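Contents: one structure, followed by commentary.
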Amino acid sequence: MNEDAVVVAIDHGLHWGSYEDFADPEATLRTLLEANVDGLLAGVPFLQRFGSLIDDYDVSRIATLDLLHNSTTPGGDDGSEIHTQVFSPEAAAAAGADAAKMALVYGRSDPAVLSGNVEFVADAADACNDVGLPLVVEPTLWGQEIDDEFDGELLADAARIAFELGADVLKTPYPGDSEFVPIVEHAPVPVYIAGGPAVGSDREVLEMVAGARDAGGRGVMFGRNVWQREDPAAVVDAFRRIVHDGASVDEAAAALEDV
Amino acid sequence: MNEDAVVVAIDHGLHWGSYEDFADPEATLRTLLEANVDGLLAGVPFLQRFGSLIDDYDVSRIATLDLLHNSTTPGGDDGSEIHTQVFSPEAAAAAGADAAKMALVYGRSDPAVLSGNVEFVADAADACNDVGLPLVVEPTLWGQEIDDEFDGELLADAARIAFELGADVLKTPYPGDSEFVPIVEHAPVPVYIAGGPAVGSDREVLEMVAGARDAGGRGVMFGRNVWQREDPAAVVDAFRRIVHDGASVDEAAAALEDV
Amino acid sequence: MNEDAVVVAIDHGLHWGSYEDFADPEATLRTLLEANVDGLLAGVPFLQRFGSLIDDYDVSRIATLDLLHNSTTPGGDDGSEIHTQVFSPEAAAAAGADAAKMALVYGRSDPAVLSGNVEFVADAADACNDVGLPLVVEPTLWGQEIDDEFDGELLADAARIAFELGADVLKTPYPGDSEFVPIVEHAPVPVYIAGGPAVGSDREVLEMVAGARDAGGRGVMFGRNVWQREDPAAVVDAFRRIVHDGASVDEAAAALEDV
Amino acid sequence: MNEDAVVVAIDHGLHWGSYEDFADPEATLRTLLEANVDGLLAGVPFLQRFGSLIDDYDVSRIATLDLLHNSTTPGGDDGSEIHTQVFSPEAAAAAGADAAKMALVYGRSDPAVLSGNVEFVADAADACNDVGLPLVVEPTLWGQEIDDEFDGELLADAARIAFELGADVLKTPYPGDSEFVPIVEHAPVPVYIAGGPAVGSDREVLEMVAGARDAGGRGVMFGRNVWQREDPAAVVDAFRRIVHDGASVDEAAAALEDV
Amino acid sequence: MNEDAVVVAIDHGLHWGSYEDFADPEATLRTLLEANVDGLLAGVPFLQRFGSLIDDYDVSRIATLDLLHNSTTPGGDDGSEIHTQVFSPEAAAAAGADAAKMALVYGRSDPAVLSGNVEFVADAADACNDVGLPLVVEPTLWGQEIDDEFDGELLADAARIAFELGADVLKTPYPGDSEFVPIVEHAPVPVYIAGGPAVGSDREVLEMVAGARDAGGRGVMFGRNVWQREDPAAVVDAFRRIVHDGASVDEAAAALEDV
């Protein structure tokens, strides 16, 4: 987990149910494995269920340990704040994970939700130490009390707290180049960027990836910006050129068009 | 638990008390055993108490681990949301269970109830792994915030989350053929259908069973649609013809009339 | 605990403090031991404290594990709903208990109190299995949301749930002969009747005991109807004639007058 | 702990902070040790810190296990109800304690506070058994819902419940001679009286001590009525004459004047 | 931890995120190590991450175990009261800590927050005993119900309670010389002063340090008053002259100007 990497997040089913363009877990998984991703981010039972399939590829497994619901209706968003640890580092290790992952969500209406969150992140960091798994923490501003979830200053704060709680790796929303630089510079751990909804053109996403790389980021941990795009395999390939080969946006975009 | 099966649920006493047509636990149990059901779904103490009786039959035992009350008055329904794990996978295994079972209920008014539910389902999945029991999860829309508990899209979401939490088998309400197909197709685990209240004619139920089978379902886990019907043994026999022998609705209905 | 028995409950001090006619624990205990009761129902520390005294008699010890307060003022009743497990099955066994006992109270205003109650009853049933103690559960309608705490249908529901949670023995309020019959017939475990306040004449109580016996009950677990009556020893003797010797109410009443 | 004794409580700092006339812990401790008290009641860390000093004297150590705050402002009283166990019987034993001690407070506004209180008292009684420490319980009416914290009937109720929860020794507020008699007579364990604020003359306190002794009490567990009085050593001496030597109030008062 | 010392607190990132003048953790750490501080106060993961760097210096490591947030927005202050233990004494010891540290915050609006705080401080004191780490407790008046967080009487109360809960060392806000004297005199453990915001001139801070030393304090545990000042190394040097060498304010101030 201390290397340049294109990781694809496929833990959306755990939080949201049957996600658009990701209704069939195995189909999406096979597409991504064939696309030569460096790593996959999925829930522990997902890694268990498809373990032998994944074994056929050279890919890192990052196990999501927590569940997020914004509603008691599956896939809904009505201001409910459900965030709880559902899998243990021990179970992640038993499922063959190379790392574990949790979100750290600021901006909650209910302070008890954040308090529980910092507790389980810190506990998991300690337990991950014991089982030899690095812990990826994703510090976010998803709470409903925050207006701009890409606020650079607040993201820097959240990233710092994530490190102080025991994160070995950071997965952070990307606030733009200028505000991403200090986050990377001050973090004593590798930093990857998260994606968010698949908005903007492919080229705009490539620009984000290249900007993050230029600022010192180690790569991406994207979900919808891979498997909701028209050609996920081509997108992964383009990301890999930027992250691994130092390609420019133009070069990567050309590769994208080649497909 | 990865086979075509007609399972009968007899855990209603745990949740509702002395249920209509199921006031005498042993009498109902004997009827079902004699009817040659493939499996029984009951609470852990029920399986303990009647263990030697069940031993005389070739039948799978699925142990319900959680209790649901919708009221603090037994058998009532006043919007109370009580859902809690009452038995452990270890106790289920000690009682001779072949599998364990829990409900996952979406649509709650109180997010804390859902949060507790996802936690105990995930914990039980992990503990079931340790004791070698597959975990059946029943993802439902029973919460009072949801209008249509057979909404196909929401059921697909709930089924996906159940799998992601660690379900080895799904028991899902049946939203009709067209909406059941994608649930089965996308689930990486066997799917059985739940029954609900004994409404409609016998023939209508047979159509549901055949429809589910044709869509790829592995069978039924019915309760009231067996032991509240006029002739439970005949109904089980008809279900078995559909599930095991590929009988048509007409063939099964004829068998039902033979009795 | 699978025998005809006259058990006397003396756990009132735990719940209510210095109870009328039971202010002196040792004096009441000695009276009952001399009266040749078959069993005593008391808190774990009570059984510890008076263990060597009880050793001199042939009497079963049933250890109450839970505490009930209806007020934060000792002995009061103001709608507070305090019900919690205070002693463990392990401690009960260490104190020489032959069985353990808990109440299961329906009709609470606060669903969380009932939820906690079903959890600790089920947990205790499991732990009692481990230490070899049968668990007596007393399913009641004591909650303030229920108008008639002797409602036969609701008592049948509560009794069924108590069995489903793991009760090895039931102690149930007595709803009258006709409604008690189905409770006994459907319960796969022995059933004893509870007493309640010492109201009515001695003869009326004898009629209740005989009626319960005739309906299939195994005996009584009475408290105030023994030690608040004028002559507890005579009352116990009369109960024993009914429960053990099959005496009629007239015969037992005559014995009562003999004293 | 089954002996006539003059015990001095010095756990006030734990609950109230820097208490008037008890700002310097070591100075007060030395005064009391020199005054030849039979026992000291203090928090576990206090007993640890001053352990070697106490070793030089022949004095029993009773370890307070719980903390009481009536406010979130130190030393304040604004209706907050904070009562929680802070030390374990195991830690008390490791600190050289001869017994442990907890309060049982009736009259709370919040039933959950009382529920927690009965739970931790019962748990501690069990744990104290395991480590061989008798448990002193102080049943009180300190809750804001009770008008008269010296109500004899309610104190008798609370004392009974304390015994039923596992108290090996009782420390009870003193409701006056006539109402103290039944508490002592009915308690199957030794009873000591608590002091309360240092009000009234020295003679009045002596009368209380002699009255309690005459009623069957085994001695006193006083705090402020010792170290807030003008001459703590003389007061301890006077108490000892009453408790150990059977002195009359006049004799003890004379001794007090001698000093 | 029983020595004169100039300790610098660098746990602000854990509580507040990317703090002004402390955005780069490693840079600040290097500055302080080179400035020859006696000890550093930081979160457990911080001590782990920079362990080998710290190994090159002769400096004590005090591990902060708890997290404080006044808002769910990182770095914010909106009356939220989040205070929870996030690291264990065992993890602190494994990270090479020489001591552990927790805050004890009086003046909360929610009594449950204080109740949790006293519980985890007492538990940590016990666990620290087991792993051989002294526990530093910082008793404060940070709660929003208190007007003057430097109130001498309340600080004396809070310091006393901290000791009674098991503090081996106190880190207290400085209420001025006259009110600091009794705190030190009555505390049976070493006392250090905390800093607070970097307000006032350098000379004013030196006067505080010298005043605390003259009153019996063992030194300082300052954060912002070191690394937010213009020349942290010079400030540390000046503090060291006062604390270790008995320098006057003038002498120390001269040293400061020398730099």
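For clarity, chains are labelled A, B, C, D and E in written order, and residue numbers in each chain start from 1.
Criterion: a contact is a pair of C-beta atoms (placed from the backbone, for glycine too) under 8 Å apart; a residue touches a chain by one contact, two chains touch by 3 or more.
Since this is a predicted model, take the numbers as computed values, not measurements.
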Spell out the chains that contact subunit B while also contacting subunit E. A
Over half shared numbers or under half: where do the identical copies subunit C and subunit D land at their interface, same or different? different
So, what's the distance in Å between the C-alpha centres of subunit C and subunit B? 36
Distance from subunit D to subunit B - Cα centre to Cα centre, in angstrom: 58
Multi-chain touching residues of subunit A, meaning two or more other chains, are none
Using the definition of touching given at the top, classify the network of chains in this structure as line, ring, star, complete or other. ring
Touching residues (chain side subunit A, partner subunit B) in the complex: 11, 13-14, 16-18, 23-26, 43-46, 48-50, 67, 69, 72-75, 80-82, 84-88, 91
Of all residues in subunit E, those that touch subunit D in their complex: 106-111, 113-115, 118-119, 122-123, 125-126, 129, 143, 145-146, 153-154, 156-161, 163-167, 182, 185-186, 188-189
